[in-house]
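Each structure below is given as structure tokens.
Two complexes, one shared chain (chain A), two partners (chain B, chain C).
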Partner chain A sequence: MDNETILSVNDLSISFKTLNGMVRAVRGVSFDLKRGETVAIVGESGSGKSVTIKAVMGILAGNAVIDSGSIMYGGRDLIKASEKDYQSIRGSKIGLIFQDPLSALNPIMKIGRQITEALRLSDPKISRADARKKAVELMESVGITDADRRFDQYPFQFSGGMRQRVVIAIALARDPEILICDEPTTALDVTVQARILDLINEIKQERKLSVIFITHDMGVVANVADRINVMYAGKIVEKGTADEIFLEPAHPYTQALLAAMPDLETSERLMSIPGTPPNMIFPPKGDAFAERNAHALEIDFEEEPPYFKISDTHYAATWALHPKAPKLEMPEVLRNRIARIKEEA
Partner chain B sequence: MMPEERVPLLEVEHLKMTFTSGKGAKKVTVNAINDNSFSIYEGETFGLVGESGCGKTTTGRAIIRLYDPTGGTMRFMGREISGPMTRELRRFLTDNISMIFQDPIDSLNPRMTVEEIVEEGLKYHGVKDPAERREIVLDMLAKVGLTKEHASRYPHEFSGGQRQRVGIARALVVKPKLIIADEPVSALDVSIQAQVINLLNDLKKELGLTIMFIAHDLSVVKYFSTRVAVMYYGKIVELAPSEELYRHPLHPYTRALLSAVPQPNPRLEKRRQRLSYDPAKDHIETGEERRMHEILPEHFVYCNSAELEKYRELL
Partner chain C sequence: MGKYVLKRVGLMVLSLFIIISVAFFALRLIPGGPYDDDPDLAPEAQAALIARMNLDKPLPVQYVLFIKGILMENNWGASLKLRPGISAFDIIKERVPATMLLNIMSLLISLPLGILAGTLAALYKSKWPDALISVLVILCISVPSFIFATLLQYFPAYRWELFPLLFNATGNTAARLKSMILPVMALSFGPIATVCRYLRGELIETLSSEYMLLARTKGLKRAQAIARHAFRNSCVPLANIIIPMFTNIMGGSLVVETLFSVPGIGTLIVDSINTRDYTVTMAALLFYSFISVMTILIVDLSYGLIDPRIRLGAKGNE
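Let's look at the complex of A and B:
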């Protein structure tokens, strides 16, 4: 049953009512998640990544309006699910690891107890001793040293990075089918981050876990993702396998994002993206990235580009792919990097 | 630049910074900086990396004397700056060393306009004439890519990258000799990070700046720095020219750190073996005290003789 789609988001649009008008945060997002794979959502701050997955978890803010779309999971549309339905899904079926680890922990409950409670939720018959043993193992597996002693400490006695590891241990203790990680490693050191990425990759393989991974670090994406969705101004502007996005990026925004990040070989001037993302109360017509794209075509400012198919797995919404459009020149930094990657292989 | 021609701007010797909190049995001591020595030369970018809490910010703050170091000496332009604080020394420091802070939002006063924020330093700097100050400020804003119109606006009206430009303008307007940039791009989106890095690079060339660049993104540090020091728990464990450090990382912590840097290359990432650092296992204990050894010209590693032998074999 590989290749089985377990979650499917279709044409999802979400707005927020604000004093200044409706913020069009998510505009027609579609993506699938298959069993055992990791799908990444990347993009600039404010592009709608968190709002998209909050909709999946049924935890949108009160001023949110779902304008259209469906989120199919377990044979039903989660958009129509009641809060009661969600209680049997959140945590046990779909786990969530947040950007901010503090809000996810109970400040007055010992760390160990918070993990054993989660274990008990998925295995009510587990003995006290077994729960403790399993919790300590989980703590060790997320890189908390001296776990046996730390079991009896409170969150305030942990550093930010260690709290984030506890949050991950708690999410894993419920043994979910889907794990959604919203920038889980942004606040962590590279060494700790690497350990957590390895851990997530390992567990994914062991348990056939499916993962939705949100980040704006393209290095992290390269590590975890099987498939990648690139978001800009509320839309997925490009989707493809990791190789396709990194080696054949087609949308000017994807190219710019990749070219803006130095790797350990970079010596050329970085390509920066001028300007700022658009105001989503008045989303620009046409391609939302056009005003920041030096190679934008006239039509980019007028008409929204459809998805052009590049391969069975690779699509991009950019007029640059129209047969009549002039060929898009990739930024030099990126061209050099891609040549290097291909050479190594 | 050949090593002989270099002029040290800042010389730090045996710098120590200990924080104590609590009393009696609950007393806790943190060796935030544990006996570090290094120099920063005129015109270079000196990168300082290491994991969270290893003492990077504390090092920057000790240099501008926001903290009184527990031990060691520091000289700036040949003058000792680690002695007792006087008004005159404070003045000397603020005239010559500026800091750019990590968080572009928290570090700007929300009630001041951009012009007022950038101008503030100039007032202390003794530029008395308001018209002259205004001219200098607008000139500086233009250098960081902000216009006259931006000058009368407040920080909350700006994007993260623009705010960081304001912070840079504020740091540069007094024409300091040394800029301490404490994670100036960590809080920014990748696309905006690139704007700020390019800007710092241009200004560095144009104004002949010397920069101490603190960060934990090793790709950015390598891209930006002339030499890089790696710090672990308050101790500089390796120091080398940037290229050299990345080509021949020797200290097991440096090796672990480099093996963990995420790279935008899915083929590499998917088969990558990461090293972990275990201070209890990755060293040879002979009883001999460790110190900085120059294993190759300009390349220093903190070790004992037995480890030095081992590292030589890695070269």
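Let's look at the complex of A and C:
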């Protein structure tokens, strides 16, 4: 892995105009994607993770407003890019895999055509036979057996896992260098999930892709990510390498997420996070998680915490890291689990 | 597929039979008979005519004779009053071209215009073109076709003298076509609005679908994505409303034909009911029913052509 940054999101803020007011969906998100690595963005529904990557793809809904920030890619700021500029990036440089493969494919168009359509965009002069050959190869490379026959089938003749493979094949058709996976396994069975994750890891190695992986599932992240950004209420509250996030979580939200994650060894009762995420029309003044945090300090309700540096790669936005703050006790489930993992390692 | 078509045709024949039977008895419920108010007819002659047309027999016997005539001899009976003695079937045959021309032209105009307006409304959702089209749609759907017909006759035809007031059945082709413009317009406002409203809804739904997003992230331009992925998908359910639409146009044409005195089935059916010409009414009704069940059949069969999920549905998932 060389350390060249190929995509860099800086201080991105996005709001949605609604009848009730402006919804502050993303509030100052920054992260980098380095060549060949997988960066995960983790957070619950409504935390702004999907909005962030839609902004990267330039497919935000009509009522979205980008308040500030930049998305630097290939030496230019994608936020200022025209629709025409985007045309040369979307699909060909950055591919996207969707959350729900069941609805991501056009139900009345043959699978093959949906793939060759993408191929044709990169190579308008490609012959029918060549396009078909390439598409069948692509299908085989994502693990679709009997690809030549299935080329002429329709989405409804495919299972969920197979459809997700088709979606991946479409995303790969134009040979992008960045692959964005938006909860690619959420809609799938657990057994299929594992296979799709393996496939994503495999193609990432083979094609030397850089991957942005969006999920709410800490268990999934553990299998794929090099670096993790934990998002809450439109902000990245903690970022670090996978080891740092899993073994030394510093933000109370990260800890709560991890403590709520089931695994095979934990015998204690799993923790749940009380309350609901804040209404983003009126974002809370201080730490957005304070309301749901049993150990919240007074200042958490007053002032937004800055990022505290834990190591060169590990940052967290919580007052608990302030030198004067009382030391944050990790939930017991989590403490035991981390101890166990460290012992095994 | 062949078996399916056969089954559908069988059901079609059954529906037609039920329609004929109900209509036969319903028609006889109208008080009076074909020769009641004819001052030229001596009572003896009247009695003789009634006997010849079997109208003196009990209703069930008349019904059996009527059905037998159709099945055994393909005989629809002769007109009782309008053109006595002429086969009802022949009278209908004469009137079909004018009606079909009117209806098909109306359909041919309504579909593209409705699709165009619906597409515009969907693409400019919540902007002024959408608002304007919505107002027009409500106007066109809620105002019945005979009001449009009267307005068209008054303004463009009577006041401005741009078009002839009535249908010109005898003139040359150009004159005939010109006289058809107003009746076709009167018939088309409603269907245009129906198609427009329906397509707008469908298209808005498809435009916000995940597969449109995928089409965009592939790198398709917005126009390309709409043309290839949204448009066809939105047209599939459109086939659904063409059936009631076509029968609606036919229903509207009953009145519009009379207003513009188009020598079509619509005028015929009104006249024949007024004069109790049972055989002609039956034949005309059968014609309308036949067209309706045929449209349903054609639309059902064409689903498979547009939507592979229906065509291949029987083979199921793998």
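Operating definition for what follows: the second predicted complex is superposed on the first by the 318 of 345 C-alpha atoms of A that agree within 3 Å, B and C clash if a C-alpha of one lies under 4 Å from a C-alpha of the other, contacts with A are read in each partner's own complex, and residues count from 1 in each chain.
Rule of thumb we're sticking to: contacts are C-beta pairs under 8 Å (C-beta built on N, C-alpha and C of every residue); 3 or more make two chains touch, one makes a residue touch a chain.
A quick note: this is a predicted structure, and the numbers were derived from the prediction, not measured.
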Query raised in the report: Looking at the overlay on chain A, is there a clash between chain B and chain C, or do the two fit?
Result: fit
Requested in this report: Considering only touches as defined above, state whether A:D243 meets chain B (first), chain C (second), both or neither.
Outcome: first
Requested in this report: For A:V167, select first, second, both or neither according to whether it touches chain B, chain C, the two together, or no partner.
Outcome: second
Requested in this report: Based on the superposed arrangement, let me know which partner A:R90 touches: chain B (first), chain C (second), both, or neither?
Outcome: second
Query - Partner contacting more residues of chain A (chain B vs chain C) - result: B
Query raised in the report: When the two structures are overlaid on chain A, which partner does A:I41 contact: first (chain B), second (chain C), both, or neither?
Result: neither
Query raised in the report: Does chain B (first) or chain C (second) touch A:L33, or do both, or does neither?
Result: neither
Requested in this report: Look at A:A225 in the shared chain and tell me whether it touches chain B only, chain C only, both, or neither; answer first, second, both or neither.
Outcome: first
Query raised in the report: For A:S159, is the partner it touches chain B (first), chain C (second), both, or none of the two (neither)?
Result: both
Query raised in the report: What is the value, to the nearest 10 degrees, of the angle subtended at the Cα centroid of chain A by the Cα centroids of chain B and chain C?
Result: 70
Query raised in the report: In whole Å, what is the nearest CA distance you get between chain B and chain C after the fit?
Result: 5
Query raised in the report: Which positions of chain A sit in both the chain B and the chain C interface?
Result: 159
Query - chain A partner contacts - residues on chain C that touch it in the complex - result: 209-211, 213-222, 228-229, 232-233, 236, 306-309, 312, 315, 317-318
Report task. Using the touch definition up top, name the residues of chain A that touch chain C in the complex. Result -> 57, 59, 83, 87, 90-92, 95-96, 98, 100, 103-110, 117-118, 121-122, 154, 156-159, 167, 170-171, 173-174
Query raised in the report: Any idea which chain B residues touch chain A in the complex?
Result: 51-53, 159-162, 189-195, 197-198, 201, 216-220, 222-223, 246, 256-257, 259-270, 272, 274, 276-277
Query raised in the report: Which chain A residues qualify as touching chain B in the complex?
Result: 44-45, 159-161, 188-195, 197-198, 216-223, 225, 242-243, 246, 256-264, 266-267, 269-274, 276, 337, 341, 344-345
